[in-house]
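Here you go, one structure.
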């Protein structure tokens, strides 16, 4: 054994050590964390290779038409790690709750018109169902993503969706206190399941939830559905809210859109990485073409319930197009 | 002549071990091959003859029986023990 | 563990928090005495963690912990130190309750 | 303050179940991913998570927790724990981080399974926090050991271990993959959160924290006990599921999954936690024996909660209680004897004083394990080191993937638990592991253990050297006796003293 080389300690993990640059905290704790993609292993997970979940990952992750030789080279442009996520969002929540506090103290809701309150009851508070589907779909994307750096972004996105949903729940309760006759806290499910205004988003998300190929899920959710929801519902309600004296709605939408913008940053980075592989652009374009009509129809259906339609619908759809155009597809 | 893997359960040892023998080996040779991995490592050497039996059998294989003729399956667990030693009878379960 | 016999060790109805060592664990131990005057509170100090337990039910009130700590305290802050607990949990804003209840 | 109380709006945030229209319920919640045992969505409407947390509370509390844990690390950075810790304690750290850190990351994916395929919104929301918690646990448990990589190549395994076919990692993956990421949402809730996290993680994260505090490693103690505060919250996902299943006539199904998880968790912890507590931790720092910790956490606290929720003791409970006394001694001896095949340096833990402690905690130890260690000690005393090392592979269990071992000595209790299924012979370490296989052979049947792979010719050359290569272990990483046999000198000194 005397001529055998004895491995020496390295400055960082061996998988990061080949590079000259000192790895960041983000890289040390975020890169290559999955082990279900080990080269040469019989199956993703250490069980019978044919057990259902192994086949599921082989089909819906490894077998995706979107290919890349090294998904682990993906980096979150924001380099968020758990610690910084909580730090950042605690700060954001402190801001949002101070809004709630101040506006409540100023009797903000009492100044809203009953008509606007009715709009909120029909077109805002049922949104918790919609955002919950985004939470669920993001968590699916997280569990199927082919790299931990992608998985983390999708996980934080699921958490952010729950954040937005929680804001709605909070506002539902507050509004119920002021407008007892508008059905706040009672009628949301009925609106979500029956009101034509919601059926487009509902169809879009129910179908996105069963887009089980990881990359199709990503495209449908992050490039099509979320932008449609963010532009067609959140931003729109924020804008219209401002005109209706609902500063809480507009400031809240602004606060949430900070998260949405971050989601678009990582989505854009992932698209950029995917485009390194020939053929992927077509795959992505194909999915966008498949999903966009549903999203556009969702925006149309939703905005048709608002006086601002159809201009608002066009603006929202245009914003989603602008986002996708920025991806260089 | 073929390599034949067996699982060795050596008297008073704590672990089952892989022992590669040859189909032409007789049971004394199997016992000796198994002993290499237990005796003097974790089990004290004793005088006497080592016998081999199928797990759970009350009688050992004949000492000159060839592995090929013993009807053992690859990796089957055999017990190796000192003939006449006390407590070589095994409880069927732990 | 009062029982030395492992085969009967599960026959207990002990409930209560297991807290990481520190000022809060001390305050909670004191609060447990105050808030559960009719019960005998056991404190098992394992240095890294402190097991505070009693039979059947233990209630801890925010205001009592605040008093014992000598500084403002939110019930949710208990989680920072609450490494484990025995029994079931009911965490409200003004109190936290650990209790034993056989469902079926 | 004019903000609402949490409970005013909490229920609204978990009232998000709807009836799908554009896809079928079955497409949205396939049974394999949901594991609802055929129960309709309505059965889960009663789900009521007992440990309630909201988004703003979560980020605030978790921020505080991290501030605490990271500040302890920063404060202790200069305390030279690595330089001053006993070699045995370093074995605890290395085995812990290697086997745990990236497993936690996988647990995050399992929590995602519950977020997407759980049938109750409360479950999905709590699992959203669980998903986050497990990212925390993987990241913080990579960040802490990373500070040691430049001192000791074995610490590279805090990251690397999961990428290898090292045998203990193969066992860890087989266990974690079986009860976390390859199960449907309810399965995850029962097996990961209820059985594993309300039960066994307390052993590793609190029991070991107690030893760490005694050993003066406050950084580690604070880290893992902080991790367990997250576990104790999201572990509560499982309890309400148990109640729903029992109520809807699925008690046997719930019991089966939980029994599988407990048995399998026990096997892994008998090798991960048992040796750490009873052999690696320096004698003077052992807060309690492994058995005493098992009694405190698993028997006194966890078993009780099984019964409380309407389940029974697992069928193997009596065997389990016996094994608490014995199994980990064999796991330890196996790890130590095959020490080149692990990424840490196991402390033998059998100096005269330590043997006395073992005999006291485990009466009969000297007449059983002691016999094997006597032979090893003699060889070491005589400098016959080759005989303290193996020349073959142990036969490993086709379920737990751990060496098939049991109590040695005159009673000679060890045996194989074989099974022939669909023409293939399997070997198990216990009735428990064989029973797990029989519950659902399709989950396990075509998996190859390390020994199967060896016999299949996948390990070349077919010797210990080839096996080490297959396990990605090279000199500089391979384990050796933690104290470099210094403990043998204590034996020698004692003998001289007695002789004079």
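Order of writing sets the chain letters: A, B, C and D. Residues in each chain are counted from 1.
Convention: a residue touches a chain if its C-beta (ideal position, glycine included) is under 8 Å from a C-beta of that chain, and two chains touch if they have at least 3 such contacts.
If you're wondering where the values come from, they're calculated on a predicted model, not measured in any experiment.
J.: Hop distance check: chain B to chain D, minimum number of steps through touching chains?
T.: The least step count works out to 1.
J.: Quick check: how many Å separate the C-alpha centres of chain A and chain D?
T.: Comparing mean C-alpha positions, chain D is 33 Å from chain A.
J.: Roughly how many whole angstrom separate the Cα centroids of chain A and chain B?
T.: Chain centres of chain A and chain B, defined by C-alpha means, are spaced 62 Å apart.
J.: Using the average of all C-alpha atoms in each chain as its centre, how far is it in Å between chain C and chain D?
T.: 26
J.: Roughly how far is chain A from chain C, going centre to centre by Cα mean, in whole Å?
T.: 39
J.: When you check chain D against every other chain, which residues touch at least two of them?
T.: Counting only residues that touch two or more other chains, chain D contributes 60.
J.: Two or more other chains touching the same residue: where does that happen in chain C?
T.: Residues of chain C touching two or more partner chains: there are none.
J.: Please list all residues of chain A that touch 2 or more other chains.
T.: There are none in chain A.
J.: With chains as vertices and touches as edges, which is it: line, ring, star, complete or other?
T.: Drawn as a graph, the chains make a hub with non-touching spokes, so a star.
J.: What are all the chain pairs that meet the touch criterion?
T.: So the chains that touch one another pair up as A-D, B-D, C-D.
J.: Okay, in this complex, where on chain D does chain C touch?
T.: 5-7, 50-53, 57, 60-61, 64-65, 68, 202, 205-206, 209-210, 212-214, 221-222, 225-226, 228-229, 232-233, 236, 239, 243, 246-247, 287-288, 292, 295-297, 299-301, 303-305, 307-310, 313, 318, 321, 324
J.: Would you mind writing out the residues of chain C in touch with chain D in their complex?
T.: 1, 3, 6-7, 9-14, 18, 20-21, 46-49, 76-77, 79-93, 100-104
J.: Please give the residue numbers of chain D that touch chain B in the complex, ascending.
T.: Residues 322, 330, 333-334, 337, 369, 371-372, 374-376, 379, 387-388, 390-395, 403-416, 418, 425, 427, 430-431, 451, 454-455 of chain D touch chain B in their complex.
J.: Applying the document's contact rule, which stretches of chain A touch chain D when the two form their complex?
T.: Residues in contact with chain D: 1, 4-15, 25, 28-30, 32-36, 38, 42, 45-54, 56, 81-83, 85-87, 89-90, 93, 96-97, 100-101, 104-105, 128-129, 132, 135-137, 139-140, 142-143, 148, 151-152, 155, 158-159, 162-163, 165-166, 168-170, 172-174, 185, 188-189, 192-193, 202-203, 206-207, 209-210.
J.: Taking the complex as given, what residues does chain D use to touch chain A?
T.: 1-4, 8-10, 12-13, 15-16, 18-23, 27-28, 32-33, 54-56, 58-60, 62-63, 66, 70, 102, 105-106, 108-110, 112-113, 115-116, 121, 124-125, 127-128, 131-132, 135-136, 138-140, 142-143, 146, 149-153, 155-156, 159-160, 162-163, 170, 173-174, 177-178, 181-183, 442-448, 474-477
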